[in-house]
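I have placed the structure first, in the form of structure tokens, so that the comments after it can refer back to it.
Just so it is clear, A, B, C and D label the chains in written order, and each chain counts residues from 1 on its own.
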Amino acid sequence: MTTPGQDKVKVRLATTSLAGCFGCHMSFLDIDERLFELAELAEFDRSPLTDIKHCGPCDIALIEGGVCNTDNVHVVRELRANAKILVAVGACAINGGLPALRNKLDVNDILTQVYRDPRTGEPCVPNSPELPLPLDMVYPVNEIVRVDYSLPGCPPSGDAIWKFLTDLILGRMPRLEYSLLNYD
Amino acid sequence: MPFADPIVSAIVEKYRNNPTYVLQILREAQEKLDWISPETVETVASQLKIPRTRVQSVLHFYSFLYDKPRGRYRLLFADNITDRMAGNIALFEHMLSRLKLKRGEVSSDGLVSADLTSDTGMCDQGPAMLANNCAIPRLTMRRIDEICDLIKARAPLDEWPAELFRVEDNIRRRETLLTPVAPGVALDAAIARGRQGTLDEVKRSNVRGRGGAGFPMGTKWEGARNAPGAVRYIVCNADEGEPGTFKDRVLLNSFAVRVLEGMAIAGYATGATKGFVYLRGEYKHLQAKLQREIDDMRANGRLGTSIRGAAGFDFDIEIHMGAGGYVCGEGTAMIESLEGKPGRPRVRPPSMVHVGYLGKPTVVDNVESLAHATEIVVEGGARFAKRGTRFSTGTKLLSISGDCERPGVYEYQFGVTIGRVLEDCGAKAVSAVQIGGASGVLLTPDEFSRRIAFEDVPTAGALMIFGVDRDIFEVARNFAHFFAHESCGFCTPCRVGTTIQRNIMDKIAEGRGARYEVNELKRVVGFMRRTSHCGLGETAGNAVRDALDKFRPAFERRLHAKDFAPAIDLERALEPARRITARDDAEAHLETES
Amino acid sequence: MAETTFTIDEIPIPFTPGQTILEATKAAGIYIPHLCYHPEFKAHGGCKMCTVLVNGKPQTACTHKAAAGQEVEVDTPELNAMRRTLVQMLFIEGNHFCPSCEKSGECQLQALAYEYEMLTPHFVELYPHRNVDASHPDVLIEFNRCVLCELCVRASRDIDHKDVFAIAGRGRDAKLIVNSPTGKLGDSALAVTDRAVQVCPVGAIIVKRVGFETPIGERTYDKNPISAEADSCEVPEAR
Amino acid sequence: MLNLETAQSPHKLRRVAIEPVSRVEGHGKVTILLDEENRVHQVRLHIVEFRGFEVFIQGRPYWEVPVTVQRLCGICPVSHHIAAGKAMDLVAGYGPLTPTAEKLRRLLHYGQIVQSHALHFFHLASPDLLFGFDSEVSKRNVVGVAAAFPDLAKRGVMTRKWGQEVIRHIVGKRIHGTGVIPGGMNKSLSVAERDTLRGEVDEIVGWARESVALVTQLYETNADFYKRFGESRSNMMGLVDSTGALDFYHGGLRAQDADGGPIFDHVDYTTYQDVFEEETKPWSYMKFPHIKALGAENGSYRVGPLARVQVCDRLSTPLAEDERRKFVALGHGKPHHGALLYHWARMIEMLNAAEMARDLLNDSDILGTDLMADKGPRRGEGVGVIEAPRGTLFHHYRVGDDDLVSYCNLIVSTTNNNQAMNEAIRAVAARFLTGREVTEGLLNHIEVAIRAYDPCLSCATHALGQMPLEVDIVDADGALVSRGRKG
């Protein structure tokens, strides 16, 4: 990893949101004007904030959200395969978060309850091969791929993300002081 | 006041409406009614004037008590590793199919249920099962068929052929303890020595507790005797729940005189006048015989008041049945259980010698330890101490099972090498021996010159032998399941740790484990050892730890090539959605390999 | 007067005979973490958070009596790592979804996790299937959050004298049960004013209809870490 | 209406996919089927995630819901927080909010409209508009904008920041705070907090005006292109107050047809289930709602900025209303239907929200401490509807006597736009892809049309719940976890 000033090589940063609400990405943008500072240190690879649809080799991957369907599995594997450091960001990535409230229910009961023909009452669960298939439960990222770091919060504050990210980029051991460590 | 079931009321009456008998009351109620209904709970609670939750907490703690109907015939197959090795699963499945049952479910006609349970103390004659808590050893396909026919014919258990229930002693080697002693002889010897004299001899003998911990019995007795207060208790720990042990079964069956008189002697030396035999539920078949023995002793002045005419030598014994709970073998848990509570180990200190049963000084000794007392008072501590080694005096009973020609009970002087034992029992091509049961140590041939003794290989006496063709990983996994099942749930590290350990072992067994899991195992095992509340948690990881240290390849050949594998079987996780969407396209599947 | 002191991480601590290590240490204003301990009740010793090294041997400070000359280690990297692991085990054992839990900011389990910098529960989630008991008009039990500390059991038995709660089941099946004919809280003798309702250190027993009334920033552990709370064993009152 | 939803013989056709759709919230993908002459036969926007909040919300205590459901969305959590709060005000039996509580909620809401609209325009959409639809991928993002147009980017960032700070001061956190509780708010605004926000609000209003000016400029650079891009005629809907002015927080439902003719007006939103129904299509997890009376064919409608500024009679603040007039005038009496005009309408709303926030910050009530309404008898049911940044948002709950939610139904803003977005991208595909070699730049045209709607696809994965049936969800122990009742 690079230290600014040493050379012009920027850290390549990939981000993705799986079964999350995008709150962690929004919180990432809550670094506000530090976004310009970050632009000096890092450049984006695959991220919902860019139009790079697939990940290339990169230094850090930030994963928001749990893993709830086949698509999530493919994406998180793509990032794991390409990133030196993979960080689970936010409650959903770390323990499934609120989407995991569905884990106490049978996924088919949920699907058939939500997708019914209003007239006939018959189940009509979308089944096109274009749609990712839901997993039986929502899983934390570290149960699907190896995770190097976790950054808790729902979402972690912009300050927490900034501290964690700059620690990583500058090669420090990421630490969150008390005011930055929250699960809610 | 809820409707009181007369049958239940009568049982509660019989126990003089004494709440410390909740467990006994529930056991008897279940024998009559096949399960413990909410009504039964209400009746027991209101008649004992205790919260219903106290009855429920007992009901839900012991695995042989059922809060739902389990059928008139309740079959439990022992599932210790030795039963596995003897093919219990094939027999179990044969029975399930004969009776059209699913594991753990009751037959549609409500007649019968079958499930697996922990070791039942029959490793020398497994595979074994319990029918309504009555042991049936030496199972074969023929026996299973016979049992199925009896069940289909709805034959009451007491009409089943006695042969089914015959339990062999399988005594293979005797020294001093396994030789008969005439009733009263030991008592007379104690009386002759007097209370102090008896205690002195026991101390002089240096006899150490045979339950495994090896605490000097004399010191324990003295502590109890010196503890303030008039009332004291002796508890004979006949819970023998450690997988692979069964020597107490033999002592209680054929040497009850030694055991019961040993208890009386303990009472004499400590000033206790009341003793309990805490008999594990799996040994129900011994209960009646033991009770007859006690009644006979009382009739002949070997129990009761002024025993053998010695004024002030008052002692009596009561049998207290367990109901399936390994942890109750832990002294303080046993006392909780005796008090009619869930068998959760107490916080120590204080020690039981000061604060035990009902808060009174209590001596809890192993069956074998108490039996030794009869030797000591007769021959004197000095002579006793000549046997065995300096730090481990006397003889030791070993329960030998697994891959050998002559499984059974062997009596040796302490200090015997493991190699010698293996030779005597006809064990050939041995890859490992599990000594001391699931919580013990796993030794490999390079260690067979070590000696059975507290200063070398301490043990309550279980030796499970594994031949070269045995899969030690499966041994460890069996024990991991055992501990997850038997953890009492009181402390965090054991309650959660044993579950994590079991789940990881299962994952590896399914071929979904990776290096990551191996490291996790090590971490959890060490954690449980350091932080658990009692011996169960401290030792719950031993088998896995030893298997990892000594049979690493048994793990490695099951591991994923990668250093990490998903916690779940992704294909399985997609199954429900595939079903509801009737999809089977490529996108509806996931390979576990990333 | 060495005979009436012991040391915590080399600091001499006076004690009166009969005091536990935790009591003497608290009195001296030094923090030892705990979850199932509460000064009003007989010590339980099950959560193991207060495990310390007494002359090198692990002991629970809430049950172990102080003795002259004892050398007690509390704040060491190893012990703190152990405490983190304990909290992680408690997290994966239940369903602890802090984001929507009204106890967030007032929860001792969460506060302990902060104290020991838990960034992830680490272990594979068990996601147990547990229910909510909303049958009582004023009190709700969220079994998904119960950590089996038995504080409610002790409070209901020893202070309220109602025996409303108990623990039943073994190992992972151990669970909180309610003393009523139906097993439902609504049919029990519990009143919202009972001590048992107020001592829950997590969000398992909560007073109905008052959730989220305390704004973020003003909650107990928003302000101070649990180790700095004036009397960290005083469970925040249920509002 | 072009019929490109379903091709006759798909197996013969070539499939092109945009996966994932980027610079939008949530998970979407577009599939296009082309023949050998690159004629477009089928275009679909698939919403590919399913979460089912409506189901697992059942069985939860009602006071928890406003906090739980905001986790539907990280861009406009405040919308869900407020809409659920409004529903629960009713469920818990509270009377009218205190003036302070309602004004705090409104300020909260306006703050979020500012941050959400700023985020969408500057962080997500502006790269297309500033660099061109088929500009270089690597710089077509917010960092690229920051490098090329630092001042403009800074303005966007700071505008959003202010909106987020309004939210933080009221609910304690910028994202997923707690503030709205049944019956009112849990915290009053301190003088210091008010002063901080008020100190910056004029600048924000100024920036909002510049932003409107910017989109106006962009439009004028190529008016016809902007007008026609992704144009698809449809009905439109929004909330208006009793005087016909747009009201983001509360009001009656008003719908107009594609020519601006009335469909319904001042409809009590609690009757929404009589007004709308929806369809499921096998290729998307997002449902397709339509106005019952018009049927599935003609009943689909559009919500959000483009709809709101056109169905309302006016905006409540002078600067924004002035801009709205100019905007509407360009239609020469006919409503706008071009996707890109969403951006313009959105910036007008941002200005409107900033002005309204300024007024509230100057209103002494905002510092009041009387936060809770009086409590009356409980009601078993509550519907809460607001105009979220992306459009009309419906929250509907039933709560049992045990205080647990027994039924939950959400119609999320973006769901309302499902059909409209599909039509828009079909229009774009037909116009730009037909007969040409498909390039990344061309495909981005499709995404530009989707982005214009500012879809919130995570939210959108929660469609109307089960209306006609009763379904019990039973957990492993056989205990009833939740029940969905007849609608």
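Simple rule for what comes next: a residue touches a chain if its C-beta (ideal position, glycine included) is under 8 Å from a C-beta of that chain, and two chains touch if they have at least 3 such contacts.
Keep in mind the model is a prediction, meaning the values are calculated, not measured.
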{"item": "Minimum number of chain-to-chain contact steps, subunit B to subunit C", "value": "1"}
{"item": "Most centrally placed chain, judged by C-alpha centres", "value": "C"}
{"item": "Chain pair with the most C-beta contacts", "value": "A-D"}
{"item": "Chain whose Cα centroid lies at the greatest distance from that of subunit B", "value": "D"}
{"item": "Mean-CA-position distance for subunit D and subunit A (Å)", "value": "23"}
{"item": "Whole-Å separation of chain centres (CA-atom averages), subunit A against subunit C", "value": "32"}
{"item": "Whole-Å separation of chain centres (CA-atom averages), subunit C against subunit D", "value": "43"}
{"item": "Computed distance of Cα centres, subunit D from subunit B, in Å", "value": "64"}
{"item": "Subunit B: positions in contact with at least two other chains", "value": "567"}
{"item": "Where subunit C touches two or more other chains, by residue", "value": "92, 99-100, 124, 129"}
{"item": "Contacts with 2+ other chains: residues of subunit A", "value": "97-98, 101, 104, 106, 111-112, 126-127, 132, 134, 137, 139, 143, 154, 184"}
{"item": "Every chain pair meeting the contact rule", "value": "A-B, A-C, A-D, B-C, C-D"}
{"item": "Subunit B to subunit C touching residues, read off their complex", "value": "2, 42, 51-54, 56-57, 59-61, 63, 325, 342, 347, 349, 484-493, 495-500, 503, 520, 527, 530-531, 533, 567"}
{"item": "Subunit A to subunit B touching residues, read off their complex", "value": "70, 73, 77, 80-81, 106-108, 111-112, 123, 125-127, 129, 132-137, 139, 143-146"}
{"item": "Residues of subunit A that touch subunit D when the two form their complex", "value": "17, 19-27, 29-30, 32-33, 35-36, 39, 43-44, 47-53, 68-69, 71, 97-99, 101-102, 104-106, 109-119, 121, 124, 126-128, 130-132, 134, 154-155, 157-158, 184"}
{"item": "In the complex with subunit D, residue positions of subunit C that touch it", "value": "99-100, 102, 129, 131-132, 134-135, 140, 208-218"}
{"item": "Residue ranges of subunit D in contact with subunit C within the complex", "value": "59-61, 63-64, 66-68, 71, 92, 171-173, 176-179, 181-182, 186-187, 402-404, 475-477, 479, 481"}
